[in-house]
Every structure is written in structure tokens, then in C-alpha cells.
Amino acid sequence: MTKRVGILTSGGDCPGLNATIRGAAKALYNQFGANVEIIGIRNGYAGLIEGDWQEMKQSDFSGILTTGGTILGTQRTPFKLMKVIGEDKVDKVARMKDNYKKLKLDCLLCLGGNGTHKTANLLAQEGLNIIGLPKTIDNDIWGTDVTFGFHSAMNIATDVIDRIHTTASSHRRVMVIELMGNKAGWLTLYSGIAGGADIILIPELPYDIENVAAAIEKRNKNGRTFSILAVAEGAMDRQEAKMKKKERLAYRQEHGIKTATNRIAAQIEQMTGVETRVCVPGHMQRGGSPSAYDRVLATRFGTYAAKLVAEDRYGVAVAMVNNQVVDNPLAEIAGKSKLVPADCPMLEVARSMGVSLG
Amino acid sequence: MTKRVGILTSGGDCPGLNATIRGAAKALYNQFGANVEIIGIRNGYAGLIEGDWQEMKQSDFSGILTTGGTILGTQRTPFKLMKVIGEDKVDKVARMKDNYKKLKLDCLLCLGGNGTHKTANLLAQEGLNIIGLPKTIDNDIWGTDVTFGFHSAMNIATDVIDRIHTTASSHRRVMVIELMGNKAGWLTLYSGIAGGADIILIPELPYDIENVAAAIEKRNKNGRTFSILAVAEGAMDRQEAKMKKKERLAYRQEHGIKTATNRIAAQIEQMTGVETRVCVPGHMQRGGSPSAYDRVLATRFGTYAAKLVAEDRYGVAVAMVNNQVVDNPLAEIAGKSKLVPADCPMLEVARSMGVSLG
Amino acid sequence: MTKRVGILTSGGDCPGLNATIRGAAKALYNQFGANVEIIGIRNGYAGLIEGDWQEMKQSDFSGILTTGGTILGTQRTPFKLMKVIGEDKVDKVARMKDNYKKLKLDCLLCLGGNGTHKTANLLAQEGLNIIGLPKTIDNDIWGTDVTFGFHSAMNIATDVIDRIHTTASSHRRVMVIELMGNKAGWLTLYSGIAGGADIILIPELPYDIENVAAAIEKRNKNGRTFSILAVAEGAMDRQEAKMKKKERLAYRQEHGIKTATNRIAAQIEQMTGVETRVCVPGHMQRGGSPSAYDRVLATRFGTYAAKLVAEDRYGVAVAMVNNQVVDNPLAEIAGKSKLVPADCPMLEVARSMGVSLG
Amino acid sequence: MTKRVGILTSGGDCPGLNATIRGAAKALYNQFGANVEIIGIRNGYAGLIEGDWQEMKQSDFSGILTTGGTILGTQRTPFKLMKVIGEDKVDKVARMKDNYKKLKLDCLLCLGGNGTHKTANLLAQEGLNIIGLPKTIDNDIWGTDVTFGFHSAMNIATDVIDRIHTTASSHRRVMVIELMGNKAGWLTLYSGIAGGADIILIPELPYDIENVAAAIEKRNKNGRTFSILAVAEGAMDRQEAKMKKKERLAYRQEHGIKTATNRIAAQIEQMTGVETRVCVPGHMQRGGSPSAYDRVLATRFGTYAAKLVAEDRYGVAVAMVNNQVVDNPLAEIAGKSKLVPADCPMLEVARSMGVSLG
């Protein structure tokens, strides 16, 4: 009896998507031989809604372990906002269910982040056989110690900090580096420590600009004529942190603040008198070949997903807990987000290094 | 008889500064043995004005071939705008002359870009023994085929384009990448070709946004669902190019345009309907270890500078012409800038690759 | 009351040594302020025997997070074979004890691998206050999930496999890549999976050359005209595995076998008729800047060591277990080695990818 | 009228082959539009002899700017030694001529090194329309300042030296690094200077082991406890250099010398008493993505080849002379090899840096 397995990738692209696709596919072929058919759904859930897919051949998965991006295409549009062109009102979930049936899928692997898992859970509740795989450079998926993409992004972000270091020290400047991570501080915290940042600001620990300026001035007094700030794109100051989301957005719009970085730089320059520059590496943090760590992780996750298929175990998301690949019920993790907790040992490590956390 | 040789680095920092310092120093020690004393002037011309310097030891030049930045410090403040703190009005040139005499220098090596060479020429005209060394990631120094720093920056910029490629293709997006280069297009042109950019916009060839949008739509028609734009920080459209500098600055301030990139992205999104994102790698283009090419180049330049010292030939800038290290009179290159000429063969190469130049 | 803390690095050098030294030092200064004195012992235990050491200043630990090697120097000579020049017979342990007392050390941090920990335990049993820190690219230290250096080496080894891939596929060749790891297969197993090797041979799973040749021929039949073998330096065939160590060494000497790699290549070429080449990246696997992962790990380990000092807890080795930094009694781990167990999930992952394990 | 253009890649693989193929193809499509047909010959001249080829589509050239190896396959077998399986005696040149006619080619682009150009010239003398393109990491093709692949290999070799540096300095060792380059010293000379090697040995300057040992001992006396030797695979000592080729091969076989490296290491260890290790990075020097420099160079070369086709100019090899792409008659360069001349300015540069050249 043949298994028909669908795969889609959804949300922002991320190193390791292709490695995970390959991992799952190779493990499925290894398990089922000629008795498995893999169907690639294009551009995430949009492809499932619109019926955009292709039968994959074994050779499609060859040579993609090392490539960035996703051979299936992806889409960032939040599920709620997805529109079907040319149609007034579409029951997107029903449409996906229909296409799943039409394709005669036995199950569907959904590679993505928090948004992807939420929709995956929706489909699981509708009775489809769904397996989630934790993809994101933000490392903010509930129930897993680590997501694929995170370590690749950490390498890039650390390399950026390393490069900026030489500029900062030669010019006796303050350099503010804005790093990705959405609402979580993982990427900034880890690459900040790896890059030897002097000040690390993450969303989970709203900063006080007075503390930031004081940390810079303390460094100056100790003869360190430059400072490196690693600032998460989601960082905010204590005042903003007290606001409700809507209020904060209004406040930011009013003051022309897109992310905290530019404001921080202006404030520092004004408060300390030290020349301050902002660097926003942006999308390059999610591009390129996955790191060795992520290739191994992606391959492990893909292998585990194939095992779940073999055991007909669905409605779960693959995860890594204490170095073991396990799975969590989709229903338990959907809609949640894993932030840096106040007792995260990495915060203590940062403080021990003399890093100011704002 | 002992030679006393001063060295300073001025302008924006750049990979290869330390390699050049080391190259000159090692070649001087090799030439003169114990009969040379090297004096490091700190923070560019500011250090010469303020008398901030140190006697260097042979070991100071060890281990710096591979390091980014400059062990001597540098400063970007244009010479005209340099202020001596606590003093009303200072004849900066006279002050530098005084310190040069006080230090009993036989000559002074000035590592820097166009601004640095202009000031170097000033000092040479005052009778000081000056040698200029062509540093800049912009590659815009008159009289030399190549400057150190350019190839290192090209490697980084190309790596950024490579990474953005995977994001662009996975998301079917237009990605606009802003690259450095000041008023010259060298860095964008070379790394755009190396990274396979679809559209390359440089200051020397003002663009027409209609052409840019048409190029993207042509790609879309041919089934290429994404496009990469490499845009120089100095790029401008044809309308702006006709304005005088002041007028253009006023126009940009009025329209809130800092560089062309954001406006281009907005226009493209509006004209083509394709999701468009901007990426500004910024200062990381000038940081980190110099590339192998730049280490060799820097070492050659440094060696040649030592030879000039041995021959007491001053008032010149070191250069590379047709793979030979040569020197040009400072008076001939000061105040000039080397832009991409209309008949640059690289433009034809780009066009042959189907690249739109706007 | 002042703490005097000694630090030494012993055994083969490894990325992350300086990051760990810096981590411990910064955390100690953070904890004790002016009340800590750090003494750097040079060249491992040899420096402790010979009294070769220096008082460290806070600035000695600045800028070393990213540098390869060790600022303290190290030595690979096994403790048993260490000779004190000019002296007939020396009680090395007594000598180290003496110098420890002379230096008035409160404790000694020993960064190293299995050999280092064995000697560390010796010193602990003599009543010295010792803390071990797990350094090795081999990842073979008992009681810790991971050692610093391992992930950096994995990145390099994976990069080598990536590069060899393009040569192998262009030339339709078998490429045999010899990777480090001493008697353990961790480095080869992880980088083999990360690099997409087709055959992975590790010491823990002695190979049968018939199986290896069969795997290559199976690939050829399936149209894959090239194959990549990742072979651990400690790999051996089943016949050798049955021999005792002495017998095996004699056998290897007789047949001119240094590592298995060259013999494997010759056998494959002879059995399959496919052109086969060997690549031995060697020492470069342990050189250069530590990876972001290793910098974070090293910093965590260093921080923990400082905490142990603050709590006067000695006779232990720092370790990572289930993502938590913990410590093990030196007496429990000394003399042991952590090999790839038969039920290691990574072996199953490799097999799922169609990798032959010999 | 349609142009039918054949392309083949021959000799050892090399970064930039695909970039050159793409450069030529894109420029041809740009020039001729639908009026060009490109035929890919597989595995070098072997494919032309055996009639192994494929019609290429425009999309075949997409996405290969950055990939290592060659999409057409290649073969290192010298033309003289090529055997056609199953046939006793074949006039290989006649066979290639036949297939060229059968394929109705208007011309044939041959990407390769010295051997490739020799055969290319043979075909040109037979009346075929041939264009050679200078590929090799060895940089030893007559009539061109630079070949594509050279700078990519230099980057890798320099990175290897950088990594070995940290090991050497931590262990106070002599490290002997064997670099590629065939009979030419270009790669070793350039990467040796870029990596800061202390001793550089190239085939063009046969070494005297006494000088090498003396250089190491001089360093030791000056407190430098380690030394890095960059040794070309073709290096030989002065005694060997005086022998004729056959004599030398016999001598090497008798003494079990494959390359000079191992012998040098043994001699140094014996003469200086310093622990000495050999590192042979090997094939990884020719693998992986081409550097930015090589991508630009390859694209320029490919563009120029298309121009030659448009002008029906054949029997030439593309070259770079004084930063201009030009062409040389195949007849003039075939059978020649460009070695490092005694007056090469890079030798003077190396000596100025205190490098011993043996």
C-alpha cells in the first residue's frame, strides 16, 4: 500500500528548509522504497488553497542539503490575511481540506514557525493528518529547545558583530546593531554573547536608556573608547513595555519609530556625545547555506518525521528536548511562543561577562 | 644615520590598513635594520595636530596582517571640519608642520582615501616629505587601478547578495540591496556582477525608474519570479542628476530621501505590484580581516613605500597601474576622484549578462 | 581576602581555549573585582613543573574571544613522557605541588582533554584545588554531552566535504576524506551527515571493505557517478578490530599503514575500478576562530568555573548535560573516554539517509 | 542563420568553470537571441571523441554562477593517454573532427589549462573553429596575467595558513603546508605572502635545506618559537633541480619521496630539533564556490568569448593582459607554461617581509 505524503514550507524563509525536506524525503524513501509518493505543495498554505503542487521525484531531493531557501517556495502572508485572487469570500480551511482529499494525501508535513503551527493545528482539528516541523531563525517555538535556522542565523549575526567590531574600535564609536528575532531575544542574546557585545537589549527585558548610556560612559571611563550594542528588532524601552500593543503602535507611529534602534542611537549620541552608528544587516540573516549544526538538526528532524509517518502518528510537532528528538501535540503548542525567561542561564552568563542588559 | 618615519591612517576604516602598516614597517626594518624608527601617529591627522603619537616597536607590527581596522586609530572628520578642542582658532597645517619637526620625522606615510590625499598634498606643498597610500573600499582614487580594501568589501557585498538571493527566490520578491561606494559605483558594479544581480544602479549612470520597473516586469514575464537590485548608496535618478548638488540636497531633504534605495523600493512595489524589500548591510562592508588579494596588495604597497623612503622620493602617492606598483605626484591626484567611465568594459559585461543598468 | 587562581591549557590546541580563558577571567573579575589574581601557567603542565608562569592583567583577556589557539601555550606531550631537561629523575607531581604552593594558588583551572583530566585528577588526589574544563575537537570526554572545539571543527570538516563534493562530482571520482577525532567517531559522524557523505567509517563500527565497495557500486548502478567517504583517523577494519592494540600496531607497521584512509582508497580503486583520491585536511581542523556555538559554550563553561571558585568547590570537571552546565567529580571521569555508542541516534539518522556505515 | 556553439571543460576541475560557461552562454543569448544553439560536450575531449553531448537550454545556465565544479563534467586523463574502451586503435583527432562535423558546430569553446590548450591547438590546426579559455588554479597559462580559479584557490590556501598559524603558535611548532600549483609556484607564493608564511618554497627557486633550517633557527633566536612553511607541491631541492626529469623521478622513487614536503619536515626536525608537522589540504583547494574576483573574471572571459564568436574569430585563447581582456593565437601559447620568473616583483616583496625563499 502506498503512502502519499504532502510537504509544504510556510512563513519566512530560513536556512535548513531544504535540508529538512531532503531529510524527510530520504528517510521516507529509505523506509517505504517505491511505496511512497511525495507531493510538494507550492508557496505554503497558499498552494494548498489554490491547488498548486507537483509530484516530486527522488532526484528532486538530491543536492539540496546545502542550499538556502526552499525548493517549494514559501509565503509570509499570515493565514488570516491570505486572499484568493478573483474570489470574493473563500472558506480557506475547507478549500485546503478539499485539496488534501483530492490529492489523496495520507498526511501533510508543515515546515514553519509559530504561525504555520497555528494553521497546522487548525487542519489537524479538521481531521487531517498533520506533522509540524519547527523552522525559524527566531528560536521562539514552544516545546522545543531549538529550531532549525537559529544556529545559521546566529553564525551570520556573530560574523556581522565581528566585522563591526573592527570599525567601532578604529573609530572610537558606538555601533548599534539591529538583529532579527521577531518578539524574542534569542538570536540577539546568543550572537551578542558570541560576538562579545557590550550591551544586549532584548524584548523580554525592556531597557532604560539611562542605564544604556551609563554603561557606555562606564566603559569610556575604563579606557574602552568604543561600544557595541546588539539590539533585537523587537526591543523596547520600559515606558513602551507598559503600553498595550495598540497604544504602543500608535506611539511609535506618532514618533516615527520603526524599530528601537535608530532612537537608541540618537539618544546615546545626545546623552554621551560619542559618535553613534546603526547597522541593520536585515534579511541576510536568514539567507544562504545552513550551518553544519542546522544541517544535522534538519536531517534529524526529517528522519523523525518519516518515523512518525511510518507509525501513523499525526497531530504532532517535531521538537528537540534535552538532545532527544521528540514530538508535542500540535494542540499544546499552537498559539504559544517561547520567549527568553527571566531565569534563562544565558542572562546570568551575559551579566558575568560585564554585559549590560539595559 | 637613522630614518624616522611617521605613519598615520585617516578616513573611514578599511580592511588592509594594518596589513599595509605591517608591510611598510617590515620592509623598512628589512632595509634599514636598527637604523629606522617608526612613529605611529594616532587617529589620523588629528593626532598630528594634537601631538598624539607613540614610538613603535618591531613587535607592534607582528600578527596584524590578518586583523581588520587600524592599530593606529582613524577619524572620518573632514580636515576642514576638524576642531581642536579648547582652542578658538588654530592653524592646523602649521600645527602639523610643527609636530612633524618636533618629532624630527624624515617623512610621513599617510594611508587614506581622497580626502586624506588632499591633506597629504597640502603638507607636501608645505615642504614635508609625504608618501600617500591608496586606501578605500570605494576604489575611487585617481591614478591607481585598484585600492586596498576594495576587494575585501567586494567579497562581503557579494556574500550579502548571495544570501539575499535565497530569500528573494523563495519568496518571489524584489530585493533592493544598498551597497557602499560613496559617489562611485565600483563596489556595486563589481559585486553586482559577482552576485548575479539583475539590475545594477550606480551614480555614474543615473537611472530611470520606468526602466527599472520594465526590467522587473520583463523578468516576471519570462518566469523569473524574483529580482535582485544592487544599488549604490550614491545612486540617483535622472531628474536628480540634472540638479546641482545643493538643489539635490534640498530636494532630498524635502522628500525625506536619505539614499535612493527606499524610494526605489516603494516605487517598484507601486509600479509592479511585487513585494519589495530593502537590505542595507552598511558598515560591515568595511570590517573584518582583509581578503587574500588585499593582503598581497597591501604588502606590495607597503614594500614600495619603504623603497621610496630608501630613495628619499617624496610628494608621491603609491599606485597600481597595469599590475605594476608605481607612484604618482600627490599634486596630480589630489582633489580628483576616479569614477566609473562610460566606456568601462564592466558595463558592457553587465549588459551582456542581461543586467539592466537603469 | 584575595583569590589566586591559576589557569593552564594542555593537550592539542583547539578553538575556544581563549574564549574559555576569557570567560573564566571576566566572570572572576565580575565576581571578585580587585580581590582576584589570575596566574597564567605556560605550556600546560610543563609550565607548572618548570615554574613558567606570569601574573595576568585584566587587559590580557581583552580581544581574545575570537582568536584561535591559546594565549597560554600548550603542549601535547603525554604527562608520562614529559621530561625535565637537565634533570635525571624528577617527581613531576611533587614538583607541580611545590609550584602550586609557591604560587600560593587557591585553585587551578585545567583546560584540556582526556589526558589533561587524568593529570588533573592526580593533582586533586594530592589535595590541590582543581577544576577541569572539557576542551577537545574529538568530543570524547566522559560525562559531558559536548566539549568546546567540537562544533568549530565540525564546521571546518563540513566545509572541506562541501568543497570536495564539487571535485568528486565533476570528475566522477571516489573521494576519501580523513577526519580527526582520535579514537572516537563523533567528528566524522556529525560532519559526514552535515556534508552529505555517502559512506561514513568510524572507529566504533569497524568496517568491512566488501561492504564499502558494494555501497559504491550500488551508487554507480543508480547513476551516481561519484561517492564521498568520510573516514575517521581512527577507523579500522573488522580484522584489525579483533586484534589487540599491540598486535594491531605491529600489523600496521608491517603493512605500512598509518591510518586506514590510504589503504581504503587503494582497495576501492582495485575493487570498483573507479578513480579514488584521498584528502587529509589535518591540523586545520583545530585552527582558527571558534564558531559562534563554541564561543557561547566556552563563555558558559568559563562562567560556571568562576562560580565553582566562588563556592570553593573543587575536584570537579565542568560539563554540559541536557543543556545545563553541571560538574562531575574528576575521579569519576578521569581515565574514561566517551565513544559513539551502538544505540546513538545519529547512527540511525545516517542509515535513514542511505549512508553506508561500512 | 543560427550559430551552433559547442562547449567543453577539460582537465582538473576548478572554481569558475560554471561561471565561465554561464558568462559565455548568457552573452551568446544576449547577442544572438534565438539564433544560437549551445551544445554541451560531456567530460572534456572524451565526450567529443565518444559523441557524448547534449543540447543545452537557456535555463541550464541559470543559478550556476556560484556553484563549484562543472555542469559538463571533466576529465584529467592527458589526451595522449585517453583510451576509447572497446576499440583497439582510434585516431582520436579524426574522431573529434567527425563529431564536430556531425554536430554541425560553428565553433567550440574549450575551457581548460595547458594540456587543454595543447589539444585545442591541435584541433585548430585541423581547421576547426576553436576558442580557448584559461582555467586553472595554478595560474601557469602562457600569455595571460591571470587564470580563473587562481584567486579562489588563493583564498582557500590562505585560510588554511591562517588556521595552521594558531596551531603552530600555540604549540611552538614548525608547520609545513603543501600547496598545489603543479610545476609553478604562483599559488604558494601569493598565498604564502597573504598568510604571512615565514618560509616559501617554490619549484622555480630550488631550495637548500641548510638555508631553510638556518631561517628557522634565526627565528627561534629572535624569540619566534614557531615557523610556517608554505611549500609548493612541485618544490625541489637544488640537487634534484640539477637532475634531468627521468633521473629525478628515479631518485624520488628510490628514496620514497612523493612530494618534497615530508622530507623537508623530517630534515627540519632532525636539524633544528623543533617538532615539525605536515599539512596537505589537497583537493579542497580546487573545490567550492568561486570567489567574487573569479566570478567577475569568468564572466568577463565568457563575454569576450561570445564576442569572438560574433566576429568569427577563432584559433585563439582568451587572456587578461594589463586588466584588458584580449586574445592570443592558440599556436603561440600551446605547449608553453608560465612560471614565476626570477625578476617577479612578488619575490622581492616576499624578501622584504623577511621571508626566506630557501
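Order of writing sets the labels: A, B, C and D. Residues in every chain begin at 1.
The working rule: contacts are C-beta pairs under 8 Å (C-beta built on N, C-alpha and C of every residue); 3 or more make two chains touch, one makes a residue touch a chain.
These numbers come from a predicted model, not from an experiment.
Chain centres here are C-alpha means, and the one lying farthest from subunit B is C.
Between the CA-based centres of subunit A and subunit D the separation comes to 42 Å, rounded to the whole angstrom. Subunit A and subunit C have CA centres that are 31 Å apart.
Each chain gets one centre point, the mean of its Cα atoms, and the points for subunit A and subunit B are 35 Å apart.
In subunit A, the residues that reach two or more other chains under the touch definition are 162. In terms of which chains touch, the assembly is arranged as a closed ring, every chain touching its two neighbours and no others. On the side of subunit C, the complex with subunit D involves touching residues 9, 12-13, 15, 17, 43, 67-70, 73-76, 156, 159-160, 162-167, 169-172, 175, 277-284, 286-288. Per the touch definition, subunit C reaches subunit A in the complex via residues 23, 26-27, 29-31, 65-66, 145, 151, 154-155, 157-158, 162, 190-191, 193-196, 291-293, 295-296, 299-300, 303, 306, 322-325, 345-346, 348-349, 351-354.
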